[in-house]
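Labels run A, B, C and D following the written order; every chain starts at residue 1.
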């Protein structure tokens, strides 16, 4: 019963087998391994983008920061939600990689930017000419930090605002697969067909050890990105262990199977919570992550029975057992149906 | 009738005389000139801070950015008002000098941070440990960007929030003299006695050509600041021309006389606007800058008679002559009483 | 017959087993996994440094750059050999992480800095006060980029120069194990007992997938390093896969066994080359890497038989078969005695 | 008898008069003043470059660093002489403004890069592809740091090396006027006609207070430069005081008259030194700066009589009066013939 994060769970055995299998004999370093040819081809196929520039790095923050620095300039500002990972959870990595750029925060419910507010925020910049930060990339998180998923219409509204001002669009897809499964669309539909220019295509949270693909639909960014990746110390010498993960991740649809399983457990959990009188499901969860308020007593029963997940800081300490305490619950490919059922029983 | 900005006006003749007078013969470069000894001694006396580290630079953005980078770290965030100069008007210079730090924006009326919101913003950071931006300096603008002046009580409420979290406090004093005159207090009371650690002490806007003093009340910052100033290309070789300005600025209270005159013209203007039925004075102006809404027709009369100042972008174009159009009006030491009277007559 | 680099060879099966084994069930993310406790304890034991701050990253460039930025300041210069990896092979990563610091290059045979030249280079800086780059860390590469190994006396001469000027010392130990085996000393003797303050302790090149330990003997650097690692996007969420590698690497002396095997193959290769009339061994190789000049015809025979390694750019193309062509040959833990013998036969 | 530097001397009275004269009434800020129109037009005329992008800043280090960051990228290296001002005297400002780029040092006598060594240095880079710093701008100092002047042929040899690799060329012209007078050529011949892409056109050292023009012959760099200048805090609000200096500097050939006078005093000094048996003139001075070795006793006589200039650190202390002690001597527009004569008599 671990709902702490999709990064506390194990990698899928097929991922591990691929890494072990990729370990035989010698391989060219620095991305020139043949496994990377396989991984690149599969990423391009998934995105229906035969010319896309495709790279691998080991962390989502690296993917986000390196992409933003390639799309933007140090004197610009990135438009993102106030609760975006790049704002809240990356210790100024985007600003560091961009050479001192700014992040302009846009509000909206459920960690989705309100398109009108995005337009207003973009419009407000550059009114002062050289004095203000210049308009830079728009960054959209899909799945959102609150467990929601932008519909294709919602994506189009945001990318439309960006395009009207000539701005590039980045998608932080740390949970890309979960979003795609939730929408039942294609990867192309959720990205370049919706106006997205570059994607952090996550593998780590969805059953890999440590791998994220960087995808630029315009290959003109390729060489600059390679230099930025190397300069950021994110180019692996024994690169095949990244390639092996990504190749196995995409092979035979493993990535979608894992996301489907995680989302199914997410639905089971959300439905179960909604069926509880004393639980309140927050925001509008659509994938494998839910926020909810439960009485402290319910939390206590679950935790004492071994459940693990994040509560607000005060958590179980102090106060009455009837007080509502917010929590975050995340499922992953390895979450079992019985675990969720047992957890829901404990809360009931 | 130029109310465009206090940087469109001339320097005071005494400042010019001092610069010309400082031009005789040879002088040591890079701040080792004897005029700097005079300027430093006067700054220390004004601030009642005999050990303060005192430096001169030519722009307010340089003073702000160099101070913030000395007080903070690249992985921190600076707390400031959403309308602060460092956020809106410096093209990411603070982020550049700080090596990629963040600015966290705090709301409040009249471009003054609400102390409770400042506390909440500070408290929200570091909850995520190494993942979030760390808490950094608090920056207060005095006079505010909307023409208001923090009272000593208001300053204490903001610096108190900073101190409770162990954070250093910077004051952007581009219009320091105007604020001090408005409050009728001492420079020490408005700074270190109120919990301020470092000041951008402006001279440019108040009758100098181009000079701002940087004042650290803790001289332990001195050497790092000197290196940062040099590395930022802000150390003048013929430094005496900065020193001469600052020495003359402070000599005989010229700086306070100029600010008093600018503020008097500001009061004349504000009172005059308030006496007009069709004018609305915005915010709570206390020094030499006012924001107001006037009918387009009034603006038209003034502009056609030669008045210069900033309106919102649409300005005189389009719409009815009765539409309210916001504007900003700034007085300076050279503004004459007749000019203000004439301007008010045109608006009437 | 692959002598391309120690990063083209496979990881050791025990490393892979440890990673697979570490994959069972759930684990705390971001370095809070129990495997990290094991890895940290072993690193401290190896270095006889019970208080050392120990961290893991995935690339040697990350280890080097993050350490140098923690030990130095943006206005300083790092002293290193002109052929050091941080100068030649890291695409300005050290300068990027340090916020714009400089590298001052010191000559000396075999990619070892000449201690007198190091002293002279350090002495030359800061003569101009605030105008010049300030003295910063000294960085020593062990094994050197030319395959040599600094003796303890040579290390002491370099760190002594640093200490006389109060400068911290970094060791780039991408091939640390190979050097230690070559010297027959302890890890403590080769580092803190010789005046080294922080080490990039390599695992990747010596039989791991991708892991380097960062070791600071002064734990006062710990928190700043953690922030820099996160901000550099080098903190893994599923950190256990780094921990598992390092724990297995050190367990039972695997790391030294692998280095001993690689060095033995290196010696076999070097001795064999020296026995050839037409081969010239360059520099003074002591570990698992050798540079040599061989007639183009000898290279041709080896390459046509399937040998892989780096030659100068022109390589096999053009010129006479008698022309000497320089090459680099690297052995690793997986290199077999028969491979080296076969290769030498081809060259003969 | 002050030969300390051309930055210890006074500004020319005509410069001061222009600044005072520019102080009348109101003026547009931030470079939109009408005096800037005059200054820009004159710079373009001097350089025979009607489309050049022309900007003003207050320090030579700002001009150099902002130009280099506009011409280059953070992952590149700048090629310059080992004794260039950007390497020795700017406390890492170029690296800071470039976002962590490198400087690759090229040797050659008299602080002039040897063209063959420049080609070799450029050629050595990028052999390792993404791993090494990429080739960036070539920076040439004219007058050199040792008082020499590149002939047009020497300039062409250096810029030719740059052009063969497609690299842009920067000229650090802190003493541009002195070089031009020495060569008897036009500003166009010494720059774009010789393959130079951008110039730091110095005014400060040659009789101004604090002003340097930045000139890009390709106006495509204009907007990026404006953003970089603002972000670097080098855009003056009361810009007219920079404009007034540059306009007066160029008006009526004042800049060339001042340089001619300084150079004449330089020649007088150099000829006088060469006529002394016990003096050795170093390098090959051609403008207003000379390096020489003189017996300590001669220095003592001069210094005791009030002469001011730089000697090596030990200077007058210790040793015999017969020991040769190197010194640097700089003349400026204000140096009088009698001063030089008196100084030479003291040394005799």
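Before moving on, here are some points about what is shown:
Following the convention adopted for this analysis, contacts are C-beta pairs under 8 Å (C-beta built on N, C-alpha and C of every residue); 3 or more make two chains touch, one makes a residue touch a chain.
Small disclaimer: the values here were computed from a predicted structure and weren't measured.
In terms of the distance between Cα centroids, chain B is separated most widely from C. Remark: among chain pairs A-D and A-C, A-C carries the greater number of C-beta contacts.
Put simply, the C-alpha centre of chain C and that of chain D have 42 angstrom between them. Chain A and chain D, compared by their mean Cα positions, are separated by 51 Å. Chain centres here are Cα means. That of chain A falls 34 Å from that of chain C. Residues of chain B found to touch two or more other chains are 74-75, 90-92, 96-97, 99-100, 130-131, 134, 227, 230-231, 235.
The touch graph of these protein chains is complete, with an edge between every pair of chains. Residues 74-77, 88-92, 95-103, 105, 127-128, 130-134, 313 of chain A are the ones that touch chain B when the two sit in their complex.
Against chain B, in their complex, chain C makes its touches with residues 30, 73-75, 99-100, 130-131, 134, 226-228, 230-231, 235.
Across the complex, chain C meets chain A through its residues 2, 4-5, 7-11, 13, 16, 19-20, 23-29, 57-62, 65-66, 90-93, 96-97, 204-205, 209-210, 227, 230-238, 241, 308.
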